[in-house]
Amino acid sequence: MKRYTIDPITRLEGHGKIEIFCNDDGDVDNVYFQVPELRGFEKFCEGRPVEELSQIVTKICGVCPGCHHMASGKAADAVFGVEPPPTAKKIRELFYMAHFVHSHIAHFYALAAPDFVVGPTAPKAERNVLGVIAKVGKEIGTEVIKQRRIAQEIQALLGGHQTHVVLNTPGGVRKGLTEEERKDIEEKAKGFVEFSKFSLKIFNDVVLQNKEYVDIILNGPYSLSLYSMGLVDDNNKVNFYDGKVRVVDQEGSEHCKYAPNEYRDWVAERVEPWSYLKFPFLKQVGWKGFVDGKDSGVYHATPLSRLNASDGMATPAAQEEFEKMYETLGGKPVHATLAMHWARLIELLYSAEHCLELAQDPEITGTDLQAKLDKTPKEGVGIVEAQRGTLTHHYWTDEKGLVTKANIIVGTTNNNAAICMSLKKAAQGLIKKGVTVDDGILNMVEMAFRAYDPCFSCATHSLPGAMPMMVNFRDLDGNILRTVKRN
Amino acid sequence: MANKKEDTKPKLKMAVYWGAACGGCCVSVLDVHEALFDVVAAADLVFWPIALDTKYADVEAMEDGYIDLTLFNGAVRNSENEHMAKLLRQKTKVLVAYGSCAHMGGIPGLANFTTKEEIFKRVYETSESTVNPDKIYPQPEFEVPEGKLEIPVFYNDVRSLGQVVDVDYYLPGCPPQTERLVEVFMAIVKGEELPPKGSVVGANVKTQCEECERKKSDNKLIKRFYRPWQIEDDGETCFLEQGVICMGPATRGGCGVRCIKGNAPCRGCYGPPPDAPDPGAKMMSAIATMIDVNDPDEIQKVVDDIDDPAGTFYRFSLPGSILRRKMT
Amino acid sequence: MSFEPKIVAFLCNWCSYTGADLAGTSRMKYAHNIRIIRVMCSGRVDPTFVLKALREGADGVLICGCHPGDCHYHEGNYRCLRRYHLMQKYIQQMGIESDRLRLEWVSASEGKQFAELVDEMTEQVRKLGPSEIKPVMEKLAV
Amino acid sequence: MAEQEQRIGVYICWCGSNIAKMVDVEGVSEQIGKLPNVVIAKNYKYMCSDPGQDLVVKDIKEHNLNRVVVAACSPRMHEMTFRKALQNAGLNPYLFEMANIREQVSWVHEDKDFATKKAKSLIAAAVRRVSFHEELDKRTVHIDPAVLVMGGGISGISAALEIADAGKQVYLVERSNRLGGRVADLDVTFPYGHSARQLLEPMIKRVEQHPQITVFTECKVEEVFGYLGNFECKVIGKDGKETGIKFGNIVVATGLKNFDPSGMDNYGYGKLPDVVTSVEFEKMLRQGKIETKEGKIPQNVALIHCVGSRNKDIHEYCSRTCCMTALKYANQVTAALPETNVYDCYVDMRAFGKGCEELYANTSRKNVMFLMFDKEDLPVIKKTAAGDTCNMVVEMNEVLSGEAIEVPADMVVLMVGAEAHEDAKEVAHAVGVSMCGNDFFIEKHPKLDPVATTTDGVYIVGSCQGPKDIPDSIAQAGAAASRILATIAQVEVEVEVTTAVVNEDLCCGCQTCIKVCPYSAVTYDEEKKVSTVNEVLCKGCGTCGSTCPTGAIRSRHFTDQQIMSQIEGLMAMEMEVA
């Protein structure tokens, strides 16, 4: 048996490791994606005052701290049995939209675009954000940096920090918005909308007009038939901050739609001895191993799954793009892993539009920021959509509001099994007897991985990024015969 | 003269690495925004797992002291963190403990309130969403049908970088304010004289109150303590004078009083001022002294308002404190 | 060899230290396990000192000051009392038995009471057994 | 400090056999000699003796030591002695530390091994600490020569005269409407029977006419501000009139008051008309007629001692003057009424002091019956049935005969004890002196410094410090006066140097320290936005140092570093020998 170690970041450096085992014919036998990190927040949050957690859990992930801050804030609301006043809720959402804009821009331009705008098999040296800029023009590159920064400035304005925000307090927010600030954000939000539309145009011109790319998107190695999960509002429209979690099956019919406090009826987590990261699955379907199909409880929680699980977008322009995507890709649901990039841009547009709506909402400058906390704190669940998947925080407290237990299912963890399977499928499709495993092949494999925008800050804690790769060709004894490295 | 030197000087070789961290420190490096160009102009990033694909093997191949500057963020939580800390120490001229976790253990350091066993039991066994009847725990080495798989050893205790290797400088903050990083970085690039080894850089000597714009007086007499949500913060009076515990007086400035600007009391991520023998004891002493009753029972009542002293006064510094962990 | 507790004591100069001296001049006998450090006022006792003593291997820490109302510096002993209560809560949270830290009032004339206090606390700490703090620290040390 | 090369000399005192018998001084000095930075470790029979001190001085010069540790008795005993020795050797006196291995080791432990081990760790701690000691320079303040005397009794008056005669301004504040205090109530004094009036009146006249003395009667002193050499306060009259005065020293001579026995049922005071207190009896004597309420000559007079004194429920202390006053009465009664029987019911006859034992002896030769009772078993006074030979009986268990007896009495004199004034607390607070359990003021040292207090420039004389007779009170007044005159003569005095100091580079201006200081020595500088310590007001308690959250406030000579190193030294040696 041959053993290839694709070691995105080799074990000793690593924050995620892929082991590919091939049979003697050189075909891929099995693939393991391992996560070497654990920090145990669920345990050491015990004993802390519950309002502390929305600050502590942002340290689960410095890439999407805002998501943990929001999920935690909502869990704390629930613990005290209160809803923030309308103004407070809208300020939270405004912050959250800015967070999405910032994250989605970064992912598309820095991580995804190189593969499409420049080309999956283009020379490594060009296949990066600079290559993208070279292709689309420098002023756009500057625009990317600018928009990302503006989005962060809005977060900092509302949350004190631009990283580890301190916006939320149980039943409210710490800081209101002045009229000047509102006006300023309104202008910035208009910029977001324009830029999002522009980004979709690039995607349209560069990717969709290119048959080869469309093939890649729809091509086998990159598609899995999984359940799709996503948070939806009362009209089953995509919502990041609030609502119920909806799961649809491979054909798009509803498997379940649950309120946050019901999550344990529908989701369960499994432990494998070879990874520190657990493997969530749909409880009612059950764990059937690393296989797709309707009988397997494996699901994904990604921009694509969110769109699959919804009946559309809550803002006009995004809705148009929503319809266009499903039309182009042959109807809902879509199982092509790479379509996640398109879905992500549609979400970017939605975030921008909603950001503008909120900035124009007269209530946003209200002064009632804090609900009265007169109930005895007890237990609560908070669920939001993180960029990288449905994020669940569940706290129990004593009567003083000190945490007695905490349970957390982070965004990327939802996709742990799906990522393993995508990698296996891509590897099986790409690494075959006689095929020279070169940089291009490796990147094609990595594309399957990257599509999930895996934030292993949350789950393992490596940052999403162009992952270094290396394949060792080993003999039966595991001695390295040849090493192929990207670049 | 310095300029002349600069012209001829070869570019700085720089590395960034994370141990047990959240990635926020790395984001703070990315957030130099425009200044990124100055950084790139002045330094070759020879190792940065987020962005570059330099391998562990490549680092090992470097001669000792090859790297001029390493920003190591994150605490030391497992065998892999420890190995990399030691390797990078060996390969680096100036090793900087970057961010609260590397400085004093940070938030991951709160795990020193518990043990490896308790964490595993909670995460892999008793967690309400986990189904694990066979009580399977992750194993450092595990035989799958196809062969042996390995993952790092999870330690019982979290340690700060300085507790594992010799550290040249500490740059505190969760995450460090990007401007501070740029200042320190440029100082090194320009070859300016650096403070004595072991110093904290990129943070003020004075604590938060100096920069804090809230109204302060000597009226630090407290009849009871409040959790932030128990009071209506007037937005302008010193938190302590409103009975809310703020770590500001015992926490270095330099962050731009960012939490306080967000109407939250200082959380202490920038660590204690110079020569503090213990990161939390001084603040504990100050807070207790403010209690404005003398009857033992009344004192106890006020103290009972402080629900989580250890988690409050050592929020970012438990591993770096005198006691370092909970005795079990 | 049987366990001999090591107790570090911080005594205020005016009342307690003088009281301890009185026990001496009156030739009263008490347990040898106590090691006295003199401070001018119990108000000088910084929690850091207590933690340091425990860290360095003390099995118990005793703080003595003037009786309430008798403080040579008026209120120093009350400051100490307040800190003591918070410290107690902290060390218990850190898994340290509360009996390892005590605050007692001893006046300049209470040599006898001081001697009895030392004997009593020594036995109390003996029952608790050796403190595990130093061993744990050595295990953690680089 | 610590980076300078450390050359420490350690000296272990035998204190004769006081230490040597319980601590292996040889072994200790040998082991301590091996500690880092210790240049020499010696042991000697009496370190505090001149040869002992010379030894230190000589070594400092020969081995140019820059730190010295002496392990001997309590620093409260000899720290000053050795600091002076360092000074004589040209070394700053604060580069010295003392380990207390007598009061806190050899005198209190019985196992030589453990005692030796403990001594070692105490000395090791001192060695570690002393290397962080810093040179501290004495500071001086100018002294205002005026003096405030509180209380116009015999003590206050004599102190005022002593000081005023030396040409210094004195402010004498008396709360009542007359000078003279308790002595003015007396007829004659014991043991020699001098007339109190003849003693007192010339003194009072001199005070009233003295150009250097300003007398305030019916006045009280409001809170005193300032410090040695520079005090000030307001004097408030009954009419509310305020006078501000400045002075450099204070004599507290507020005296005491007599115990009121109304609360003691067994004596029936207040119910039985002919049970009188010594105060009331004294008045009869002054008026020259001893007679019962009915105006009859008493055939039997009983004197009862220790009323309100030496009583665990009232005052445990002895009031000192009552025994001799009782003897005085016995003599006065037998002289004035030869037919009258005098019964002196006592607990112990306390006749110390010049002429007192003689007075006792003489009295016992007279027609006086001495009866002893136990202070746990007090006599009971009962009214007798009408027509009885006497109108009262004192029932008591007589100790010497062991019999329960009834003492006939027509008049009973209760020898009431003394107690502190109700407002002693206010006075203590006003001038910053401490009080002991029974509300008398506490001297700086019960043996070595009986008139000074822990607040520099404040002295306590006479019975506000505890019951006293006239000569003792006057002696104390004289002592305080000469102490004060001595300081005034220095024009400037040295003040506490182990004060707190703020490091302005560290202070963040949180102002937590301000309200902590009992002497208002810490203030906030609005300009610099930092706290500052008035080092003259500061008494060096160190509370602000342990309050400061930034570590900006250092308590000189008790710095964190010094105390932490002491802990390290202590435990390091512990571990080694454990």
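Letters A, B, C and D mark the chains as written, and numbering starts fresh at 1 in each.
Everything below uses one rule, namely that contacts are C-beta pairs under 8 Å (C-beta built on N, C-alpha and C of every residue); 3 or more make two chains touch, one makes a residue touch a chain.
Please read these numbers as outputs of a predicted model, since none were measured by experiment.
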Two chains share more C-beta contact pairs than any other pair here; which two are they? A-B
For chain A versus chain B, what separation do you get between their C-alpha means, in angstrom? 26
Dist(centroid_CA(chain A), centroid_CA(chain C)) in Å evaluates to 55
So what's the Cα centroid distance for chain A and chain D, whole Å? 78
Would you give the residues of chain A that are in contact with at least 2 other chains, written as numbers and ranges? 47
Show the residues in chain B shared as contacts by 2 or more other chains, in ascending order. 277, 282, 285, 289, 308
Touching two or more other chains - residue numbers and ranges from chain C: 46, 48, 52, 79, 83, 93
What chain pairs are in touch here? A-B, B-C, B-D, C-D
Given the complex, residues on chain B that touch chain C span 157, 159, 163-165, 277-278, 281-282, 284-285, 287-289, 291, 294, 296, 299-300, 303-304, 306, 308-310, 313, 321-328
List of chain B residues in touch with chain D within their complex: 205-210, 216-221, 240, 248-250, 253, 273-277, 282-283, 285-286, 289-290
Touching chain B in the complex: which residues of chain A? 1, 3, 9-15, 19, 21, 29-30, 32, 34-40, 42-44, 46-49, 51-52, 55-56, 58-63, 65, 145, 149, 152, 156, 159-167, 169-172, 174-175, 263-264, 267-276, 278, 280, 283, 287, 370, 373, 392, 394, 400-402, 405, 407, 409, 457, 461-463, 465-470, 478, 485-487
For the complex, which residues does chain C have touching chain D? 4, 6, 8, 13-14, 17-18, 20-21, 23-25, 27-30, 32, 35-41, 43-46, 48-49, 52-53, 56-58, 70, 72-76, 79, 83, 107, 109, 115
Chain B partner contacts - residues on chain C that touch it in the complex: 46-48, 51-52, 54-55, 68, 78-79, 81-83, 85-87, 89-90, 93-96, 132-133, 136-137, 140-142
